[in-house]
Each structure stands twice: as structure tokens, then as C-alpha cells.
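Take a look at these structures.
Each of the two complexes below includes chain A, the first together with chain B, the second together with chain C.
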Partner chain A sequence: MSLWVDKHRPRCLDQLRVHSKPARQLQKLLAGGDCPHLLFYGPSGAGKKTLCLASLRELFGPSVEKLRTEQKTWQIQLPSRKIEVELATVSSNYHLEVSPADAGRRDVHVVQEIIKEMAKTRSSTSVFQQQQQQQEQEASLVKPAKCAYKVLVINQVDKLSSHAQHALRRTLEKYSATCRVIFTCTNLSKVMGPVRSRCVCVRVKAPSTEEISELVSEVAGKERKEVPRGLANKIAASSERSMRRALLMLETASLGKLDESQELQLPDWELFIKDVAQEILREQTPKNLYLVRGKLYELLVNCVPADTIFCKLVHELLRKVDDTIKYDIVSTAATFEHRMRLGTKPIFHLEAFVAKTMSIYKEWSISNFG
Partner chain B sequence: MPGSSLKLGAAPANPAPHTGFGAPGAVSAGPSTTAPAAESQPWVEKYRPAKVEDVVHQQQVVDALKSAVQGKDLPHMLFYGPPGTGKTTTALAITGQLFGPELRKQRVLELNASDERGIQVVREKIKSFASLAVGSGVAGYPCPPFKVIILDESDFMTKDAQNALRRIIEQYSKTTRFIFCCNYITRIIEPLTSRCAKFRFKPVVLESLTERIEHICGREGVTLEAGALAALATVAGGDMRRAISLLQSTARFNSNVIGAEALYEAAGVVPNSEIEDLLGVCRSGGFSDVERRVREMVCDSYPVAQILLQFQEAVVRAEGVEDLKKAEVCQKLASVDAAVQAGANEELQLLDALGFAHKVFSSA
Partner chain C sequence: MREWWEKHAPRASKDLCVAPKKVAEVRDWIRSRVPSLRADYGNHGGGGVVVGSGRVLLLTGPTGCGKSTTVELLCAELGLRLLRWSAPTPTLWHEHAYQGDLAAGYVSKQREFEEFLSRSTIMSQIPLGPSGSGGGGGKGLAFGKSVRAGGTVVLIDDLPATNGFQKHQELVDSLRRFCGSSRHPVVLCLSTIHKQDARDNQGYYQDRVVRSLELSTECKVCTFPAVTAPRIAKVLERASESENHYVDRQALSSIAESSNGDVRNALCTLQFRLVGETREEGVGAVRAKRKRKRKGEVEKRAGAGGGMAPPPPSGGAGPCSRDRELNRLHVLGKILYNKRTEEGLPENDAEEIVRMSHLDAPQLLSWVHENFPDFLGEDAIEECDRISAYLSDAAALMEDGSGFGATPSSLVGVMGYQYGRVTKPTRSLGFHQMRRPQEFDVDKARTMNLIELQYTSARRSRESRTQEPRGTLIAEVLPYSRALACAGARAGDQTRALNIMPRGWHTQESCRGMSKMGFVRVGVGDGDGERLPMAAGGGDQQEEEDEIEEV
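Take a look at the complex of A and B:
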């Protein structure tokens, strides 16, 4: 049994409801069996992956959905030493998906060696499979695989170091006859110009709340559940325009009785951050700062990314404080979050932010209420 | 070393040696080579000038290289300038004209950032190539008696590797010429720049761009609507490659009739109405309006760096705002942009920038 998010993910480009305009354009683009390098960018839960998978299916037919997941280890021979890089890959006979950013500082070697290697050779299985499929086609009417190249899906290209992105430049041009690349990323500003200019960039907007509420009802219908209008709207409103989040919330909600009065279950780390925000505003003393520090540690230990903590915390604080100090809090957060990127230990910067916020709030309350 | 990256083109592992030369898309793929190679070829490669004279808007460089093309001596050269101005093209064109497609494979070594170029590679690969003796030429081409090593994107070579090159350049100068291409000349060490003739490549201006773009449009059957050319030039900002590849991706993604709107969308430019709206909110809305708009912009996945750029333009143009306030906001935008480039959270940074603008504009 799979999650509803995966189960009801649109498989074909013409099934897509939210991004119908880019989907139609993609369909036209891929109709000739030719695929330029593509780059999908948009926030998480917007539908980048869905568009990417649907495009692959459009190109290669349904057999592209037979996936293998592997944890591969590559030995890379550098001029001076030998290094080992471990990467998770998802592949079918026609495509291969990697997130080279997982290799950390070694990403440049991954791009220089592994990706280049993949880009310039065609795997023998794909040749074999294609022959086999051609035979099958003659017998039956399987949707033909139209192309002689393979597709490399590279996730999170924005997380690659600038050296690694530089190394991609020429690879993209040189091996375009045997390999096409589909990139996905959330942050287009961090993809360098030369890489961007070699791809067709597709902006993937997050679905609007109305679209989400409609699709939530529809998915529920497919699962033979009745979702009242009010609840669907409520889910959409707290989904932060992420389809994935909305469907996960729906699935959770469906365990109980689906009616309008049902309280939505938010992820517990979010509740926890809400709690932290409350704590900061309740009392501004060193003792309380110490207490908050413990809570922040707990969040970090549970693998909540530090920048997510920053964002959520600011969001929660802004809802509760007076307009006059809102900007100061935002500015403090932006400064410390930026510093956190330059440094190594997130806790210092989170705590510094909390301390500064407490001081701002205290100052404001003293000047207003004495 | 797997996939030895000596790009002599002759190695069968390299599917398309250099698309600008030789048979385009000569694929060493499997049995079913049905890919429409010529069609899928990027226009940037397809219309890469094959002769030095055809490189647009770099008259000084072209003039200086005229005698070299006829087979006289060639100095070591350093091409520098912003991206998309024809540096690599000129380097490839000159070697193509000197040696012809066949001999080129033996006489030219091209290394770029996709190859490992540490000090070890310089010591081994480059040195061994440089020390090879040259054979006889072929008919029909000048074939001067030396080899050429093109080091593309050489500002990304390490200092050590550059230092190792110093002696090699001098030692083998009888049989080998070097061409360096880079964006930032300051990243090349002084001893190397002093050994080369330096050529600066200028950003391509509208007239030269127009000429080339119209040529391509004619060949590809693409029609540009009124205003589209100007839009293309604005977005490209002197970068020929960006202009051509943008043209191609827009043409593929839409239809063969291209308007300015489609170009802006493909380039990831934020519509002006959105930017005006942002500015309006900053000038007369409350802080929570700013917060809501930032959230919306991020969800609509406009690139934050682009928003900042256009917002800055809008601020400078804005009427009825004191100059001092404009300056303050611009300063903030600059530091926020730096933070975004350094990898800070985009939403927070954008909120910071616009929140600041809101504060400045709403203060008396």
C-alpha cells in the first residue's frame, strides 16, 4: 500500500490538472521524440518531480516506471589519490536519477567523472532492452520508445558547488547526442547562468489554494471518502500551497471522522516550534533563554533543518508581535541565518537570534508598558 | 583514470568530438541511431562561426589574428571577457582554419573545467602533449609547425597548476602554442599573463546581435514579433550565447512566432506588474501585506535574485521618493543580494529587503 501522494500522482502529461499550460507545452516539445535539457524550478510540493516523471513517460512509454533503487559506490581515481563516493541512484532502462549534492564536497568529482562517464556511454542493457522492445512492438502495440539517448535526472542542482556546476557546462554540450539532462531545483538563483542558458527552464508554480482544495476533494473521492467543502478548504489553507503536504494531511485526517469541525493534525515539530515562539514571548530572562536552547537542541537532534527552524520561528513570532518591531525581528533573523551558512554550528546562530529577539521584545514592552 | 579526458577527438569514446567541426552529431551510439542529431543540436553549436572573420563585434581581435590565420607565427594568447562574447569560438575557429578538421585532432588539445586540471594533469598530460614532435601538414591548410593547447575556463585552474605551466610554456614554445580563455583576467597569475598576448572581448551590442539573430531566425524559420528583438537584447545583456539559446528554447517551447512576453517568461524575468505591485505594497501597505506578498512571490517560484534586480530598477525609477531613501534601499538590496548568493534562505532575505524598503518608505 502506498501513500496517497504517490498513488494519485498524475502519470501522464495530459492527466496533469494544475500545470496544464507547461504540460501542454512539454507535450508539444517532446512530441518529436526530441528532448532538450530541461530545468524545472519551484518550491517543494509544487510538482517538479511529477512533471519530470510525466515527461519521461511521454518520451519512453510506461516501461520507464519500472524502477530500481541502488546504493552504488564509485571508486574515483584522482591524479594524486583514490577516493570512494557513495551515491543513491534510481534508474530504469532509460533514465538514471542522482543527487550529486549528497556527495558534499566531492560533488565536483561526481560531476567530472561519474556523470561524464554516464553521459558518454550508453548502458548495454538499454541497447538490449530497446532491441527487445522493438521486437515486442512488431508483435503488439506497445508505445514505442522514440529515442536513442538516455536521460539523466539530476536533483537539487542548486546545491552543487560552483566548481561542480562549472564542470557541468561543457558536459552538457559535448554529450548532448547520447544524453539529455533534466534538472530539478528549488532555488534558481543558485544555478549559474551558463548552466541555465543551456536548458529550457520551466517555472513550476506552487498550486493555488483553490486548486489544492479541489484536488483534495477529488483524491478523497477516488479513495471513496467524502470530504466536506469546509474541511477541504481548511486543509488547503494550512498546506502552504504544497500539494504533498495537503495530501499527507488529508490522509492523516481520513483516519478520523471527516467533518468540518475536525482539527487538523499538524506535524509535531511545527507544534514544537510554535511552543518555542510562545516561550520566547512569555519571559525574557537568561533562565528562559537556557530553556529555549534545550528545545532548539531537541529540534536539531531530530533533524529539522536549521533554516526551516528560522523560517517557521519568524513566521510564528510575526503573528504575535506588534507591527513596530516586526521588521527588526525579520532583519535579525536574516542576518543570523546568513551567518549560519558561513559558519558550521547552527545552534550558536539560532540562540543568538533568540537572545536578540528577546531583547527587542523586552525593550518594546518596557517602552510601552513601563 | 576512467574516461581519460584527452580530447583529441579521435578517441571513439567521445561521441561528438566538437560539434562545431567535423561531422555534427557523429554518434557512436548503439545499433538504433534514430536520434535526429542535426535537429536536436543546440543552435549555439550549429551556428558557431567556423572562421575567425565571422566572429561578430570583436573587430580588433579579428584584425590582429588575420596574419596568424594565414599560417604565420602565432603568439601565446589570452582571451578574456564576459561570457558569450566569442572567446572559445575564436580559439576553436583559429585552430580549425590552421589545421583543418583532420589534422586538428592531432595538433590540438582542449581542456576545460569539466576535466580534472590539477597540478598533476598539468605535469603529465599537458607536458607530454607539449613535448610531442609535430609531423607533416596536410594539403589545403596552412599547417604551421606547432601544436595548440586550448585551456578553456582557465580562471578555474588552481594557482599551483598555473604556476606549473610557467616553465612548460617557455620550454616547449618552439613546438607548442597556448590559448587561454577566461572571464576574469585577475584570476590568472601575473607570470602567465605576461607570457601571452592579451585580447579583450567586448560584450556584444544590439546591432551586432541583431544581425546574427536575424540570420539564425531566417535559417530556422522563426519569426520575431515587434519588440521581441529588443527584449532579447535586454535579457541577454551582451551575451551572444544566452541570446541564441534563449531564442532556441523559446522557439521550441512555444511556437515559431515569438513575442516579447514568451521570451521574458523563458528567461525567468518577473512580469513588471508584479514588481510594481511589490513596490506599491512597500510604499503604502502594512508590514503584514509585505509578508503576504513575499510568501506569494516565493510560492510562484520567481527567482529571488531576479526579483531583487528588477525591484532595484523599479526603486530607482520610482517617482515621488527622495533620493536619499532610494539610496538607502539600494544599499540594503545589494547586501541582501550578496547574502542570497552566499546561500542564505531566500524567503527570509527577501522579507528582510522588502521589510527594510517598507520601513524607509513609510518613515516621514
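Take a look at the complex of A and C:
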């Protein structure tokens, strides 16, 4: 049984409710059967992927939904040695989806080699199709309708290293005859200029809370559940304007009784971070710092990314402290987060931030309350 | 030239510099295990072969403390045959590849080891190769000299290095099979040196060998302590006397001290120092000279202030001794207790500590980081803040590959601690147990979980028709599927969302081997400390959870 998020993801561009305007534009753009390089950007849960998949379907028809998921291993010959890169791919006959950012430091090689390889060799079906089209063309002089190139979907371009992005730029130029690329990213400013300028950038903004609350009622209706207006609004308000989160919340809530008084389930790690923030403000001693460290470790073990922890923790702290020390806390967080990106050992930087916050808070409370 | 540690190796068990108690322990063990000796050993009447349990002895101890020598000598004295695995001369892979005709065929060390094990069980009565260690055909099999009583002891001195988990598992399996079924008692010698470095893979694997042996067969563990300095000095004196060299006692004892309890190393050092020195003439000349010297000293003391040069300071022990090492605990103690001089400056020089510690920066910093909050006063959060900021600096400098090396970054960390901590703690610290950094386990668990997540996201992409970034998977999809699974279990709808969740999940404790794997207490959600299952595993894990809660 699949999750409602997946089940109710719109498949065609005309089905889209939330981003109907960009969808219509895309439809017009793709109507000729050709497409430029595309770049979808916007916050998480806004619908970038949905737009991307729907565009693919618009281009290639429903057969693009026959998918293979594979864990592929590529052997890459470097000047000095041979390395193996393993990467998960989702592909159909017409497209291939990869997230090179998952390869970590090796993303350059992934981008250079894998994409090159994929872009060079056209899939047998598309070659076959091309021949067929040529034959048809010769026979009845019909204009070729469908395109004979593959589409490469690259996720999270903003997370790629600058080396990899440079490599990407060259690949884009070299193989644009046989290959189109669709990028998705959350932070456009981290994608370098040359890549941006070669693509049509489509902004996918986060849906408004009204849109989300409508979406929630609609999906609930499809699942034959009654969601009161108040609860739908409540879900929309606490979804942080992410459709994914809203639908997951709805599905979790639907297991209980759906009425307005229902408590919404937040992700457990967020609650955990809230707890950490409370702990920081409760007592400012080295002993307590040690306890907090244990909790941070637990978050790290569960693979919560360290920068997410930073972000959330700062948010939680800012909600609780006095205005006068907010500035200090944010500036400390910025310092240590930057250092964490430079160096190793995330716990050192997280803890340094916690210690600094504790000392700031203690100083403030002593000067105010004595 | 023969090396002295071979030449002056002990000839009888009473010459060993191992504590006599330990020697007796090993002797008793061998006696009680070899059937032909058990008749006269007394306790056990019959001489039947005991297969399996209790037939493995694990000797551990620092390098060069005489583990294998003890076993060799005891076997010779008891008249037992010693079947010994010692690492064969390896055929290097590229030798094999390029000169395939010339060199012997490439056989991995591990394969040879397994062969050795199987041959020693099956065909133990047939001589397996030329006696002595010479000759390539011997393949590391060497027999003890005399075979009188007809018993055999298998000595495994040096486990083949394994690379990768699978190879290691093969080694463990073959070893376990062998130990379980061997007709002969098995003695396994392992140096504890590997154990110190927790993140060293080889050490980790070796640790697992030991653990799995302890589990599968009843394995007796006997730990040899490092040989004390006076004992080594005595050995050195004996050796130098028999070589007709006169060496100052003080020099001998300083060599002994710097060798860290490693007899072999101490003898090597002595040999190196005495290369080309003139020898004394005649038998017993050294002893006579020593006597004369002693008399001279007495006279000098009686004479009060003669014109003789003062004895050389014993600090450096000359040009050719080992550097003094500090072990990890000493280093940490020196750093963390942070003794100060009268002027309030740190007593210990940070650079010297870091240089002597032989720990790389990530390790040293992790240990300091783990233990430092215990050494601070109750309300010293400002100091804490300063120190952890320095540690964060150090970690930022440590970025591997480029920029500053390891030493500057550990220096930043250590000096940051030394100068960041200004006040003395109010309570006395007394004896303090250093904790092993949690970070190691956390890292391990995290890496394993990330691999688990890779599979999870692949499974998930089958349903969502696309790839989700790992961030969203962790931050949104998984927490809600956990909640769904939990609520589903309450509503009796088990299958819901379970296929999304990872099949296995690791915690810090599970990586340390302390508790069962698969459950974490993150569920602060409902306030009642409810545990959410992190992994989908079906019914049996559910039962496990119940068990834990009952306990």
C-alpha cells in the first residue's frame, strides 16, 4: 500500500491544481516535442518533482512511467587508479534520474563520466523509434512528432560541489544534441551562473496555506474521509507550506478520529530538538552540556543532517529567548555552522554552539534577575 | 650476524622473564589438555581426547613480552611437538603477475592459513614438510625438535591480515571450525597493540576474532603483562656479559625503561649500541670489572668529593634508544588535569605532550572532547564555552587532505583547553575513569544507517516514481511512516507503511555490542516515552521490544 503522497501525485500537466499557471506554460513549451534544458527550483515539498514528472509524461507519453530502479556501479578510470562509484538510478526508456550529490566527494566523477556515458549512447528504443519515424516520414511525409533524445533528471544540483558544476556545464554544451537535462534544486543561488543561464528556470513557489488546505480536503475526499475545515486549516498551518508534509500529516491523522481537536503529529526528531532547546535554557552547567551532547549524538545516529539540526535548534531557541540576545545567538550559530562546513566532526561545532548559547543565556539571566 | 634476541633467547622456562606465575598457568593448561600427559598429570584418570570446549588458549600481551617463546619452551620441556603457523614469505601480487613462471604461484596468506589449519587436523601424524623453518615448501610449518611424548600443540602466532568484512568472516569461520574440532590444543598469540586503536580496522577485526572465539568455544584467556624494567635490565646484563662487553648499569636500566616492556626491542637496542665497541678480554672479565667499579664507587663516596666526572644523566639513554612514548591515558591525564606552576602557567608543554602521544589529531581531540566536561567546575559554563570553541577551531583545521596538518590542529585543541580553563575546580577530582569517546560508535552507527537508508530510498523510489533527496526522507517521510506504523499497530493494521521503513537500524549501543539492534528511544512525542520502531522487521522484533520493556 503506497502512501497518499505518492498515490495522489498528479500525473499529467492538466491535472495540476496548485501550479496550474507554470503547468500551462510548460504544456505550450513542450507541445512541439522539443524541450530546452529545464531547471525547477523552489522549497521542499512545493511540487518540483511533480512538475518534472508530468513534463516527462507530456513529452514521451504514458510509457515513461514504466520504471526501473537500479543500484548501478560505474567503474571510472582515473589517471592514477580506478574507482567504483555506486549510485541509485531511476530510469525508463526515455529518461534517467540520478542524484549525484549522494556520491559525496566523488560527484565530479559521477557527473563527468556517468552522464557522458549516458548522454553518448542513445537507448535502443529511441534509435529504433527514430528509424521508424524516418521510414514513416519517407512513406507518408508526416512530420516527426516525438523527440529522439534522452532526458536526464539531476536532483539537488545546488548540493553539488563547484567542480562538479563546472563539469556539468561542459557536458551540457557537448551533448546537447542527444540529451536534455532537467535539474531540480532548492537553492538557486548555489547553482553557478553558467549552468543557470543554459537552462529555462522555472520557479516553483511553495503553495499558500489556503491552497494546501484545499488540497488536504480534496485528497481526503478521494480517500472517502471527512476532514472538517478547521482540521484542514490546522494541517495547512503546521505543514510549513510543504505539500508532502501536509499529506503525510493527513494520512497519520486519518488513522485517528478526524475532528478539529486532534493533536497533529510532528516529526519525532523535531520534538526531540525542541526538547534539546528546553534543556539548554533550563540549566547552564558543564554537566548539562554533557547531557545535551548525548541527545545531539542520538540525533546524529539517526542520520538527521547536522545543518538541519543547527537550523531547527536556532529556530526553537529564538522562539524562547529574549530579544536582546537573539542577535548573539544567531551570529554564533552562523559562525559555527560555517566552521562545520569547512571541517570535520559535526558534534564539536554543534556543541560549541550549545556551550556558547548557554553562556550567553546565563549572562543575560544574571544581569536581569541577579 | 645473528641478532641478539635470537642468540640470547632463553633456553629454559626458568630463564624466561615472564612472571613465573603466568608460566605455571600456561604449563598447567598444556598439561591438562594433552592426553598423553594427562595420565601423569593426575587429576583426570583416563586419557581420552577432549574435543572442542576448552581446548583454546588465548595469550595476549604487549609485543615482545615473550608469549610465543613461553609456549615454545614449555613444549620443548614437556616433550611435545609444536605445530606452528608463522607467516610464510609472501609472493607479492605484482611478482606473480609479471613473473608468473618464476615465482611460486600466488596464494593468499589467508588461503594458506586455512590450508594449514585443515592439514594440521586431518593429517596430523604425517610429517608435513621438512623440519625447521627453511625452504619454501615448508609453507610455514615447522616442528619442534624432540618428539617424545607424542602430544602436539598448535601454535598460531600471527593471524593473517584480512581485508574487508567477508574475508574476515571466512577467517573467523575457519578458525572457529578448527578450534571446535581440533584434536590438539591450540594456543593463539595476539599482541594487544592492535586493540588500542579502536578505529583501526585490523584491530577491530582482530577484536572480533577474539570475541567470536570466546563465544563459540570455551576459550581461556591469559594476559601477559609487560615485562618490568628491572627484569629487562637483568636480561640485558646477562647478554652483555656473555658477549664480553662492559656496559654501565645505569645505561642498561635506561635502555630497559625506554623499551616499554619489550625485551626483543631492548636487546636490539643494546646490540646496536655495542657495535664496534671493544670487548673485555677473558672469561669473567666483565664481572670482575663490575666488581672493581662498585668498589671504586664506595671508595669515592668515602673519599667525599673526588675529582671524578659525574655520571651521565639518564634521561635520553643515548643516541639509539626508542623515544619515550606516553600511552593514551597518561596523555589525557596530563592534558585534562592541567596542573599549573606557581605563576599559573600550565605545567606541561602542550607541544611535548602532542609529540609524545603518537595519537593522531582526530583521536586525541575526540578523547579530550569526550572527557573534558567532567574536569570543569559546577558553574564554569564560560570556560566550557571557550574550550569548546577552541575544539571547534581544531576540528575545522583538521579538514583532511589540505591546509594544516594534524599536529597544529591537535595543538590548537590542547592549548585551547589548557588556557581556556582558568579556574580550579571546586571539588577534588580524585581518581577519574576516562570514557571512551562515544563519537566512534556514533560514527559507525551513522555510517551503517546511511547505507541502510540508501536501500530504503531505492525501495521507496519504486513507489514514488522518483528519487527523494536523503534529507526529505529522513526529515519527513520516515518520521511519518514510523508514526503510521505505530498508529497502524494500535489499530491492528500492521502492514501500513512498513514496507517503506528500513530493514535494520543501528544505534550507538548496538555498535558497541551492548544491546539488541533495531530500536531507539526517540519517541518523546506523546510524552510517555513511547518507543517508535525505527525499522520494519515483522513480528519478532515487536516481541523483542516487549521484552525490553518488561526488563
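We take it that the second predicted complex is superposed on the first by the 349 of 370 C-alpha atoms of A that agree within 3 Å, B and C clash if a C-alpha of one lies under 4 Å from a C-alpha of the other, contacts with A are read in each partner's own complex, and residues count from 1 in each chain.
Quick note on the criterion: a residue touches a chain if its C-beta (ideal position, glycine included) is under 8 Å from a C-beta of that chain, and two chains touch if they have at least 3 such contacts.
Keep in mind that this is a model prediction, so the values were computed, not measured.
K.L.:
With both complexes superposed on chain A, which partner does A:Leu342 reach: first (chain B), second (chain C), both or neither?
P.N.:
In the superposition, A:Leu342 contacts both chain B and chain C.
K.L.:
For A:Arg57, decide between first (touching chain B), second (touching chain C), both and neither.
P.N.:
Neither partner.
K.L.:
A:Glu117 in the overlay: touching chain B, chain C, both, or neither? Say first, second, both or neither.
P.N.:
first
K.L.:
Under the stated touch criterion, which partner chain does A:Arg106 make contact with: chain B (first), chain C (second), both, or neither?
P.N.:
Neither chain B nor chain C is touched by A:Arg106.
K.L.:
Is A:His19 touching the first partner chain B, the second partner chain C, both, or neither of them?
P.N.:
A:His19 sits against neither chain B nor chain C.
K.L.:
Please work out whether A:His95 is in contact with chain B alone, chain C alone, both, or neither, and reply first, second, both or neither.
P.N.:
Neither chain B nor chain C is touched by A:His95.
K.L.:
Go through the superposed model and pick first if A:Gln156 touches only chain B, second if only chain C, both, or neither.
P.N.:
Second partner only, chain C.
K.L.:
Looking at the overlay, what does A:Lys234 touch: chain B (first), chain C (second), both, or neither?
P.N.:
Neither chain B nor chain C is touched by A:Lys234.
K.L.:
Would you tell me the residues on chain A in contact with chain B in one complex that are also in contact with chain C in the other?
P.N.:
Overlap of chain B and chain C footprints on chain A: residues 342.
K.L.:
Considering only the defined contacts, which chain A positions touch chain B in the complex?
P.N.:
Per the stated touch rule, the residues are 25, 29, 32-34, 36, 41-43, 46, 76-80, 111-113, 116-117, 120-122, 126-127, 130-131, 134, 146-149, 163, 166-171, 173-178, 187-190, 193-194, 196-206, 240-241, 307, 310-311, 314, 318, 323, 326-327, 330-331, 333-335, 337-338, 341-342.
K.L.:
Spell out the part of chain C that touches chain A in their complex, as residue ranges.
P.N.:
Its residues touching chain A are 362, 365-366, 369, 373-374, 376-382, 384-385, 387-389, 391-400, 438-439, 442, 445-446, 449-450, 453-454, 457-458, 461-467, 469-472, 474-477, 479-484, 487-488, 491, 493, 495-497, 500, 506-508, 520, 522-525, 532, 534.
K.L.:
Along chain A, where are the residues that touch chain C in the complex?
P.N.:
1-3, 5-6, 9, 44-45, 49, 52-53, 65, 67, 69, 71, 88, 90, 97-99, 101-102, 153, 155-156, 159, 242, 244-245, 248-249, 251-252, 255-256, 265-272, 275, 284-287, 289-290, 293-294, 297-298, 300-305, 308, 336, 339-340, 342-345, 347-349, 351-352, 355-356, 358-359, 362
K.L.:
Spell out the part of chain B that touches chain A in their complex, as residue ranges.
P.N.:
Residue list for chain B touching chain A: 1-3, 5, 13-16, 19, 25, 27, 29-37, 39-42, 44-45, 83-84, 112-116, 118, 120-121, 124, 152-153, 156, 239, 241-242, 245-246, 248-249, 252-254, 265-268, 286-288, 291, 298-306, 336, 339-349, 351-352, 355-356, 358-359.
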